[in-house]
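Alright, structures below, take your time with them.
Shared between the two complexes below is chain A, which pairs with chain B and chain C, respectively.
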Partner chain A sequence: MNILVCVKAVLDLSNVSVSRGQGKIFEKGKRLLNPFDEHAVELALQLRQAAAGTVTALTVGEGRDEDALRKALAMGVDRAVFVKGPELDGSDHGVRARVIAKAMSALVAAPGGAPFELVLCGERSPEHGGGQVGPALAEALGRPQVYRGLRVRLDAGQVVAAVRTDDGESEVRVPLPALVVVDAAANHPRIPKALDIMKAVKREVRILACVELGLSPEDVGVAGSRLRLARFEIPEVKEDAAMA
Partner chain B sequence: MDFTFTEEQQMLREMVRDFVNQEVKPRAAQIDREEKIPNELLRQAAELGLFGVSFPEEYGGAGAGKIGYCIAVEELAHGCNSLTTTIGASQSIGAMAIYLDGSEEQKQRYLVPLAKGEKLGAFCLSESNAGSDPAAMSTTAVKQGDHYVLNGSKNFITNGVRADVLIVFAITDKALRAHGGTTAFILEREYPGIRVGKVEDKMGLRGSDTASLFFEDVRVPASNVLGQLGKGFVTAMKCLDMGRLTLGAGCLGMAKEMLDLSVAYAKERVQFGEPIATKQAVQFMLAEMAMRIYAMESLVYRTAWAHENGQKISRESAIVKCFCTEAAEKVVDLALQIHGGMGYMKELPIERAYRDARINRIFEGTNEIQRLVIALDVIKKGRY
Partner chain C sequence: MEIRILEETCTGCELCIPSCPFGALTMEDRLPGAPPPPPDSVTAKVARVWESCVDCDLCLPVCPPVAILHDRPEGTAAVPSTPGSGILVAGDLGPTGLRPSTRRVLRRARELANTLGCFLTCLLTPRVDPGTACKDAIACGADRVLLVDATDTNPEDGLGLPALLAPILAKEQPEIVLFPDSIRAAALAPRLAERLGAGLASPCHEVDLDLSTRQLLQRVPLFKGLGLGELVCAATRPQMAVLRTHQLPDPMPDGSRDGEIVQWNLRAEI
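Right, the complex of A and B next:
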């Protein structure tokens, strides 16, 4: 059983400075593994223990996003893959999902590659909060999707999961291969051990470039995206704001 | 010069911070009240590798070095000084003695389980008549065949109740005493003749146990002599260099926590129609705190770096200990002042920090003794 966990690096908001004038956020330390994705990593590690297999963490982004993979490695994933390139900057969820799907094909086709029966994604990221990459990836892969899985197990070639619904929970079963968007209440992500952190920093991260995936610059980034960022504005901090 | 923390150091900080926020802070008041750290919490800390951060992997540690260890202690002290002290006494001075001067066999037998947190260590130097002047100790060790027989007592020993492995300093040559007549021994708790005496009822650090220990004809195998016979004082002083440095790191973490709480409170607490953070008197207190924290941080990590790079840090660690313990005490006091009456209440962690902070000027060598060390070094050198 091979599991792919899609992870994202997010800003460490406790360690940034914000310039309203320049409309920029300056990072002072490393990036963090998206806390929502930690639940997906945790589930992957638990499922690996139950059904012998491997867990691969994958991220799409630029240079410093590797920090998210280091955290996933420290938590215990077997492999880390970084689809990396400055041209990816500004990609919307649709592009990201297509890039991940292409990367999966490349990994499966590579020597020693094996299919990923299960793909796990976090619910959303705290930055844009769209929560679109998971569903878009299921679509790109043509796989059934379990949305906001709470308690997830594997049973005779099927994913059996309690999922969150608008008015509570329900149980779903889908055949493998499948994709699960993991709910933030699914588990309590493990804290990595000191020694595993020291080792994670030295472990290999497999880098994939867009060209290797057969993607040209027009396919990705702002050029390939259907969603356009019109304006980025940092609101003024006001003292008299009230939450209704 | 490069003051940036490496990626693993930043990850280590994040890890300990997560542990402290999730597991330690919610229990800190209870630990103080019930005077006991839950075994489960110690087990969790052990599992994360917090008992052996600085030791190499082959000895059960994480291999994060002195800087990594200071980071871990700093973050732990954000949550609970009793836990920090329990881990610190076991690691910085207990296990450290074995790491620095132990034989390979002793390291495998004792350091590995200590670094993994499977066993807890204690460092037994002080006696009731030998505090600032440990050379005045009266515990003796007399050789009988392939054993040493220890007699005497130790006072105010951190982890004295819980520790499994005791590093005990005893006189092996009454004529030489501190100058070649004191030896360090590794004792196992199960050795017959070891008895726990008074368990102290303390002002602060109430979750960290402090007790006296009695040794009556305790037979210690000669193979458990730690380091060279007669060189125990050298071992003790080397351990205290590390202990004083990490005590500074603990003070730094506690002080940062106090500032964080104070800033949040000052922005939120409204008097005379506006947050007290708008009052210059309060702002100046915050500035005093921040200045001290910056100085503490600079001292701690510069000294940890020097130690990591093989420099001798006896004077520097005395400076770190002396400065940071006094700065932290001042910071806690200012935090309490900013919180007004609320700061005095057990409901907030400031009252506990205020009690916890006071011991720092006393243990690991009083600040008067640190000043002596610093001054004698300056006088000997004849310049800075």
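Right, the complex of A and C next:
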């Protein structure tokens, strides 16, 4: 059983400086592994324990996003893949989903590559909170999805899961290969040991460039995105604001 | 506020007063220098529109002498476009009918449809008899309810509904598609957008219109609200957005509104 976990690096919002005048947020520290994606990594590691296989963590972004993969490696994933390039900056969720789908094909086609029966994604990110990459990726792959999986297990070539719905919970059963969007209440992500964090720094991260995936600069970034950020502003914080 | 009273035509009949769900219309004395009441006046008073008006147009059809006008900004159509185009709300049905989040999205969509001068369609995918949900959707602002029977789709794997709805949306060609911020919509909307090759902003805390380009301005909080972004779908249509509904006001349903209920299958056969 090969499992792919899609992870995202997010800003450490407790360690940024904000310039209202310039309308910019300046990072001061490392990027973090999206806390919602930690639940997906944890589920992948638990499923690997139950059904022998490998867990691959993949992220799409620019140089500093590698910090998130190091955390995933420290948590215990077998390998990390980084689709990297400055041209990816400004990509919307659709571009990210299509890049991940291309990267999956490239990894499967590489020597020793095996298909990913299960793809796991986090529920959303704290930066935007749309949580669109998971379902968009499932569509790009033409796979069934389990949305907001709470208790997920594998049973005879099927994913069996209790999922969160608008009315509470329900149980679903979908055939593999599938994609699971993991709910933030699914588990408690493990905290990596100090030794594992140190070891993770030296582990190999496989770097893929967009050109290797057959993607031109027009397919990715702002040029390839259907959504465009027309305006960005930092709202004024009213110092005397109080709860009513 | 784009509603205007033609003082020279208003007969002071007061029929418009109860039609306004927002209490934005009152009868006032004519100001000195104002046009005199027409000869067939009921009273010497004249209707006045207040700031609470949301341009919902509910008062327009009830005025016998057609003294209420909707002054639309330049570039917007006064005549509704064809039924399929315009704004489409992909609604959610709960165990007891239309979910509150869908009703709130319908209210906001009605305001947008009035501004654009276009039709508002509510798309429902019932698995059982929708009951009064269709009439509720019309009362909340929809001009048309499009019923698509989803009985044959598998609700569990997320594959069926996008495959069912994508060809319908491709044929309907709505300008704007809005979703409520439910779990069902969060699972469906990105798949549908990907299938249609459309842009999707999710979740928007506010949507507005740029009337010069008919673009939907989708405002999203970024970085946990540290910043505010305004997203637009530059070149692709429909413009799709998931709308946060907890801060939107509840609609004031108007049971007297007229609307069309269309079964998709029957329509396709015709």
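The rule is short, and it goes like this: the second predicted complex is superposed on the first by the 239 of 244 C-alpha atoms of A that agree within 3 Å, B and C clash if a C-alpha of one lies under 4 Å from a C-alpha of the other, contacts with A are read in each partner's own complex, and residues count from 1 in each chain.
Everything below uses one rule, namely that a residue touches a chain if its C-beta (ideal position, glycine included) is under 8 Å from a C-beta of that chain, and two chains touch if they have at least 3 such contacts.
Keep in mind that this is a model prediction, so the values were computed, not measured.
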| item | value |
| --- | --- |
| Touching partner for A:Glu27 - first (chain B), second (chain C), both, neither | neither |
| Touched partner set for A:Val18, first chain B, second chain C, both or neither | second |
| Chain B versus chain C as contact partner of A:Pro135, first or second or both or neither | second |
| Touched partner set for A:Asp89, first chain B, second chain C, both or neither | neither |
| First (chain B), second (chain C), both or neither touched by A:Lys193 | first |
| Chain B or chain C, by number of chain A residues touched | C |
| Contacts of A:Val174 with chain B and chain C, given as first, second, both or neither | second |
| Partner chain(s) touched by A:Arg231 [first = chain B, second = chain C, both, neither] | second |
| Overlap of chain C and chain B interfaces on chain A (superposed complexes) | none |
| For the chain C and chain A complex, residues of the former touching the latter | 92, 94-95, 99, 156-159, 162, 182-184, 186-191, 193-195, 197-203, 217-218, 220-224, 226-236, 242 |
| Chain A - residues contacting chain B, complex | 29-30, 32, 67, 70-71, 74, 191-195, 197-198, 200-201 |
| Residues of chain A touching chain C in the complex | 11, 13, 16, 18, 23, 25, 92-94, 97, 126-136, 138-140, 144-148, 164-167, 172-174, 178, 181, 225-235 |
| Touching residues (chain side chain B, partner chain A) in the complex | 6-8, 10-12, 14-15, 18-19, 22, 47-50, 52-53, 57, 61-64, 68, 72 |
